[in-house]
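Structure provided below as C-alpha cells; questions to follow.
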Amino acid sequence: MSRRSQWKQVANGMLGDVSKARSVEERENVPEKACGFCKNFSENAYASDGRGYCRKLKVGSDIKVTPPVYVMEGQASLTVLFNSDGAGCEYFNRQDLIDTDGNEVNDPSYRRVQRQMEKAIK
Amino acid sequence: MKCTECSHEAGVSSFRYLYNARIDAPITLRQCPQCQAWLAVDEMAGEARQRVDAGEAPWGKSAGIEGLAEDAR
Amino acid sequence: MSTCAECRSFFLREDEPGQGDCVRRVVDPRQAFYQSKPVREDNDASGCESFQKK
Amino acid sequence: MVAEPAQDQSVQELEDKQEWWWVAEKKRSKRLDYLRKSVWKKGALGGNYAPGIKLDLECATLFTDMWKFWKYDPIMMRRAKAIAHVLDNKTIFITDHSQLVGYFGSLPNTIMWRVDGASMVNEEAYNEPGIMPEPENESLQKVAELNDYWAGQTAVDKVARILDPEDAVKFLSGAIGWGAPSSAYGYSGKDYEYLFAGRRGFEDIIEEINAAVENAEDKTVGVPGPEILDIYDRLQNWDAMILVLEAGIRHARRYARLARTMAENMETDEKRREELLKIAETCERVPARAPRNLQESLQYDHFIQIFARTEAHEGAWPARPDYYHGPYYDKDVNVDKTLTKEEALDLVGEFMIRAYEVGGFAPRWAREGLQGITGTWVWTLGGVNKDGSDACNDLTVAFLQAARLVRVSNPTFGFRWHPKVKDEVLRECFECIRHGLGYPSMRNDPLLIQNAMHWHGHPLEEARTWVHQACMSPCPTTKHGVQPMRMASATANCAKMVEYALHNGYDHVVGMQMGPETGDAAKFHDFEELFQAWVKQMEWLTSLLVRTVNLGRYKDPEFFGRPFLSGMSERSVESGLDVVSPVGDRGNCWVTAFTWVENIDSLAAVKKLVFDDKKYTMEQLLSALKANWDGYEEMRLDFVNNAPKWGNDDDYVDDIMLRCLRETARHSRVMKCPSGNSWPILPENVSGNIHYASIVGALPNGRRCGDALYDGGISPGPGLDKKGPSAVLKSCGKIDHVSDGRAFLLNQRLSPTQLAGEKGYQLWKAYIRTWADLGLDHVQFNMVSDETLRAAQKDPEKYSEVIVRVAGYSAHFVDISRKTQDNIIQRTVQGI
Amino acid sequence: MGNACLITEIQRFAINDGPGFRTNVFLKGCPLKCAWCHNPETIDAKAQIYWKKRLCVQCGACMEACPTEAIQPPIDPVLAQSEGVDYYKIDLARCNHSMQCAAVCPYGALEITGKLLTVKEILDEVESDLPFYKNSGGGMTLSGGEPTAHPDFAEKLLAGAKARGLHTCLDTNGYCSWEVLEKLLAYTDIVLFDLKHTDPEKHKQWTGVDNALIMKNLARLTQTGVEIWVRIPVVPGFNDSIEDHKAAVEFLNGLPGKIRRVDLLPYHNWCQDKYGWLGLDWPLGRVEAMEPSLLEIPKEFYEMSGLKTTIGGSGFEEAN
C-alpha cells in the first residue's frame, strides 16, 4: 500500500464516517459495550465529540464484522467513536468511569464525550 | 501501595496518576481505582500518605496540594 | 385569527410598508432589556405566547 | 452572581486589605455596576459553560436557511447574503442603562455558533450538555438537522479533504497542534488606518467600491483578453462587499429604531430617554458615516467587531482603542466639553464590558486552552505615533482607569512601553497590575518595531502602527501590513519535539508513529546525536503545521470567503479580491510555540546527567520515561534538582536555549508563508500547558505524563527559577528578541506587599527599565498573594472577582480548572 | 588567608538592604549571639548541616554513611515530624562535619549550609545583576554573620567590588576594632549600622556582648563623612518600649556627625524553620511576628526629632 493510500484509510476513519449525516438516534444510542467504556479507548485530543483511537488495534482492523479483523501492527491506530459497538471485540476491557461531569480539563485516557456518557451512567 | 481510605492494595501505577504537588518534590496526587479517593503519595517510598481534600469548588476535582511538599524548596 | 398588527408589542415601520418590529421587555436572570425582532403586520400571531391585544 | 461586599467597610479599608474587587464595586458608577454585574459570562469554567449559557440557534438557522436558498451563488456572494439575512432578522436587544449596543448572538445569554466552520465543532455543539435552549429535545433535533446539512461542506471539512492524508491524521490527532486551518476560526487584523485614521464610514467605502466597479466594468465590456478574465470574479466580490456593508448599516438602524421606540413608548425616566435618543442618533450615524464624537467612534468600532464575528468565529480582538478613539475623547472632553471625564469613563468602561460579553461556542480543546475566556481579546495601548513620538493620550489613561473599575478578564491590555512614556501613564499601568488584574502586559515597543521590520519587512512607519494580533504577536494596521487571517493551527505542542527525539518519532500517548524516525536514542553516543534528532523533529513538526496553515490560507477564499472583512480592507476594496487572498499581503505569520521550555530543560538534563556526568545511561533514562518515572523517583528528583534549569542565569542550559532557538529561526526562514515571508516562532502557552498535560509523555526534565507543563513562553518551570527574578531576566535577556523569534512571553509573580505604596512603584519602574535594557519584549505579572488564591479555591463564591494572569491573557481565578489554579499558585513568587 | 570564605547565601534581587536592587553576600561567623537572630546559620563560623525533617522519610541512608555514628536511628516519620518532638537527626556532639550524610541523602533532607567561595567567584555572581544596579542605584551588600569578623576577606571583597565599579554597602553590627572598620571604609559607600540597644546591660543580656565598642564606633564613624543608615531591629520585650525609642533618638541625635536615615526593622519569626533545621531551640521563635504598622508611631517619633526614618528599610524609599 502506498504511503498516501495507507494514511487515506486512517483519515477516512477520522473524517468520513463521522461527518456523514447521522440521526439523533444514531448520535444518542450508546451500546452496552461501547468502545467509550473500554480502557483501550483514547479520546481524540482535538475533538470532544466522541471520536477517538483504540490503543490496541491498528488501522485495517474491523470489529463490526464477524469474525472481527484484528490488526495489531502498523503505523496508525484504529479510529473509533465513543458509541461504536465493541461487543464483538475480544479486547474490550471495561473501565470504571470517573470525572463524569466534564469540568476537569483534558485527560484523553479518561475523558469521554459528555452527553452520551451522562445518559449512559444514569 | 495501599489506599488510606478503603485499603485497596495494588501497584502504584494502577492508581490513576493526577499530578505532582511540586515537580521538585516526591509527593504526587493519585486516585484510588476502587474508592476514587484522592491520595497524596510518596513516590520514593511508594506509599499513600494521606487522603487529599478535593475542595469545594464544583470544578475542583484535582485539588488539595495545600501544605504538601511545602518545604521542598 | 389575530395578527401581529393587533399586538401591543408591534410597532409599524414608516419606511417599509407592512413591516414592523416586535418590541418586548425581557428580564432574564441577570439583566433586563428590550428586544426587537422584525415581523410583518399580517403575521399570524395566534400561536404567539407573548401576544397581548392592543 | 457576585457576592455582596462587606458594606460597612470603607474604600480605604478595602484597599488596605487589597480586596480590589470590592474597591472597584464601591468606586464605579451605578451604571457601570449594573452593566458589569448583568453581563453573561461566556468563558467556560474549566471545561464547561456556566449555567444559563445557551447555544444560539436563531442565528445559525437564519444563516443556514439563506445559505441553502442561494446555493448557486459564488461563495462570497452566498455568504454575504446569508450574513445579511442574519443581520436583518435576528433578535436584537438593548440592555437597561447601556449606551453602546450590539451583540453577535440573538440574546444576552447566547453563544454564537459558527455552523459553517467545522463539522467536528458542530458535533461537539450537539454533544455539549446544558447549552441547548429549551425545549431540549426540539433543539437537539434542530442541531442534528443542521449538522447533517453542514457535514462535509464546512470550511475545515473542505481543507481536511485536500490535505495530505498523513498530515491530516497527525494534525487531527490533537497531539502536535492546535486550532483550525481556516479563517472560519482565525484571528483577523483590521485595517484601522483605512477605517479610523482614514475617517471612513461604510457609505464612503461603498462609494469607493462603486468607483472600482465602474472602472472594472470598462474592461469587461472592452477589448477581450486573458487579463480581464479574473475581473468577473472580482466584480462578484465587490457586489458581495457592498451587500454586506449595506446590511450592516440596516442592522445599526434597527437599533436606532428600537432605541426610539423605547424612548417614545416605554421609557418614563427623562434622563434615560435622552440616552436612548442619543443611542438612536449614534446608530443612525455609524457605521454608515464616519464618527463625530467618542460615543459614535466606540459604537462604530464595536459594530465592526460584531459584524466581523457574525461572519467568522474570530478568536482574537486586535485593537488599539486609545490611539484611534483618542482624538474623539480629546475633542469631547477637553475641547468641546460635551462629556465630563466621568461620563467618558462610563463609556470606556462599557466599551470593555460589551467586548467581555462577546463569546461564541468553542470546542473543548479551545475552552481548555483558553480557560475562563472566550478568545484572546488583547487590546493594545500606548506606543508611538508613525513619526516615533509618544502616542499616549488622555484616553490611554481612561482605559487603564476604567479597567480597574470594570475588572473584566477579557479584553485585557498589552502596553507598548518605550522610553518616552510619561510617568503618569506608567503609574496607571502599575496601578492595574498592583490591583491584581494581571494586565497590562508590558511590551518593549522599540524592540518589537525592529522585530517586525526584521522578520516581515514592514516599513518603519507601518511597523509603528502595530497591535497585538492575538495575545502576543505584533501586526501593523495598514493596507499591506494587516494580516486578515492568522490561524491558530500553526500552534505547535513543542514538548513533543524532545519527546519524539527520545522515542524515534513514536508517540506513546497517541499510539502512532508521528515524527520521523531519528534513531534509537538508546544508541546515541553523545549529546550532538540527540540534539540533531531534536532538530529533525522540530523541522518536521513546524513544517507539518505550516503546510497545513498555508494550504488553509491559500484555499480560504474558495472554501470560506469573507465579504465583510474584505469591505474593511483598503487592499480588497481596491482590488476586489477576498481579503484573505495572500495577494498584496506582506505576511505576518508566526508559529506559536506552546510548551517550549520543556525542550530546553530536558535536553540540558540529558546532557548533564547522561553524557557529561555519565551518572545514568540512555537505556536507564528511556526505561524510566517509559514507566512514566514510576519506581524511579530518586532518579527523577535527580533530573529535576541536579540538572541545570532554564531561568537561573546559568550558561550551561541557557546556551541550549539559544541553540534551539537559532536552529528554529534558521528553519523559520526556510519555511515560507503564501506571501513568501518567514515563519518565526513565538513561545507562549495560553492555558495549553494544562490542555496538553495528559498528551505529553514523561520527559527528562522530571515531569510525568499528567503534570501541568510549564506555564509557557520562556517562563522558567514553576518553582525551578531558584535564583530569583534578576536571574530570570538575565537568562531571558540572552535571547536576541529581534532575530531569534517573533516574541517571547514571560510570566512573573510578584509579591503584593513589596509593591505597596510609592516605593513599590519605584521598585517596579526600576525593574521595568532593567527589563527593557536587557532587551526583553514582554513581561506580565500576577500580583495576587498565595493566601488570596488559596482562599479563593476554598470559597469561590466570595472570591469570584479575583483575576489572575494565565499566560497571554487574564481570567477570573474561579473560572479556571483546579489544575490550572494550582499551577498558577506554584509559580514562584518573586521579589520577597 | 582571606581569598575565600564560607558563604551561606548570595541573595540576588534583595530590596531591603541598601539602595536599589542589591546582591547580599552573607558571610558565616558572628561574634554576637542575638536572641532574635534571623540568620542563625551565619553565627557559627564552620559549615553546618540542615536537617529538613519534613523532607525526611527516615530511610536510614545517612546513618550508614556517617563515619562517627552521629546519626540517630530512624523512627516513624510521622512521629519525627510531630509538633514538639525533640527528635533531631544528628547528634551534634559526635558530628565531625564529614558531611557524608548530606552527600547520600536522596530526599534532600540533609543539606550543607556554608560554601567556600573565592572573591572572584562571589564577584562574578554579584556582577551579573549589573543592569539592575544601574537602574536602581543598587549594588553589593556585604552582610552576615559579621563581615568585620573576616577583615581580610571583607576588604578584598569590597575592594574587588569597587574595582569593578560596584556600589557597596557594609552591613555591620559594629562590634570590631576601629582599625578594621576604618580599613573597610575605604571601599564602602554606605554603612548599614545595626543599633540594638543603648543600655549596656540589656545589650549584653540579649546579644552576649557589651555595647560600648559599638556605640563608640558609630560615633567615630559619623565623623568620617561616610553615609550611614542606622538599622534598629525592633524586638518585642527588648527595645520596643517608648523609653527604648527615646533613648535611641537621644543617642542618635547626640552623635558628633550626621546619619542619613534610620530603618526600623520589625521583628519576625519566619526563620524559625532554620533553627529547627540546625537542631537549635529558639525561644523567641514562639513570639509572634510584629505587624509593621505597629511601628508607625515610633517612626513619627523619630521623624519629629529630625531623623529620616523608614519601616522595613526598603531600598526604594528614596528612589526617583
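First chain written, first letter: the chains are A, B, C, D and E, and each begins at residue 1.
The definition used in the following text is that contacts are C-beta pairs under 8 Å (C-beta built on N, C-alpha and C of every residue); 3 or more make two chains touch, one makes a residue touch a chain.
The chain list, named the UniProt way, goes like this: C = Benzylsuccinate synthase; D = Formate C-acetyltransferase; E = Pyruvate formate lyase activating enzyme.
None of these values were measured; they are calculated from a predicted model.
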Requested in this report: Give the chains in contact with both subunit D and subunit E, ordered by label.
Outcome: B
Report summary line: Per-chain Cα centroid nearest the overall protein Cα centroid belongs to chain D
Query raised in the report: Comparing centres built from CA atoms, which chain ends up most distant from subunit E?
Result: C
**Report entry** Taking each chain's C-alpha mean as its centre, the one farthest from subunit B
**Finding:** C
Report summary line: subunit B to subunit C, mean C-alpha position gap in Å, rounds to 59
**Report entry** Rounded Å distance between subunit A and subunit E, as computed from the means of their C-alpha atoms
**Finding:** 63
Report task. Averaging only over C-alpha atoms, locate the centres of subunit A and subunit D and give their separation in whole Å. Result -> 32
Query raised in the report: Between subunit C and subunit E, what is the separation of their C-alpha centroids in Å?
Result: 78
Query - subunit D: positions in contact with at least two other chains - result: 45-48, 634, 637, 641, 693, 706, 817-819
Query raised in the report: Could you say which residues in subunit E touch two or more other chains, in rising order?
Result: 106-108
Query raised in the report: Which residues, counting only subunit E, touch subunit D once they are in their complex?
Result: 11-13, 15, 20-21, 106-108, 128-129, 131-132, 134-136, 314, 316-317, 319-320
Report task. Over in the complex, which subunit D residues touch subunit E? Could you list them? Result -> 634, 637, 641, 649, 723-727, 729-730, 733, 754, 759-760, 762-763, 765-767, 769-770, 773-774, 830-831
Report summary line: The subunit E residues in contact with subunit B across the complex are 52, 54-55, 57, 59, 106-108, 273
Query raised in the report: Taking the complex as given, what residues does subunit C use to touch subunit D?
Result: 11, 13, 21, 23, 25-26, 28-38
Report summary line: Residue positions on subunit A within touch of subunit D in the complex are 3-4, 7-8, 10-11, 14-15, 18-24, 27, 42, 44-51, 53, 55, 75-77, 101-109, 113-116, 118
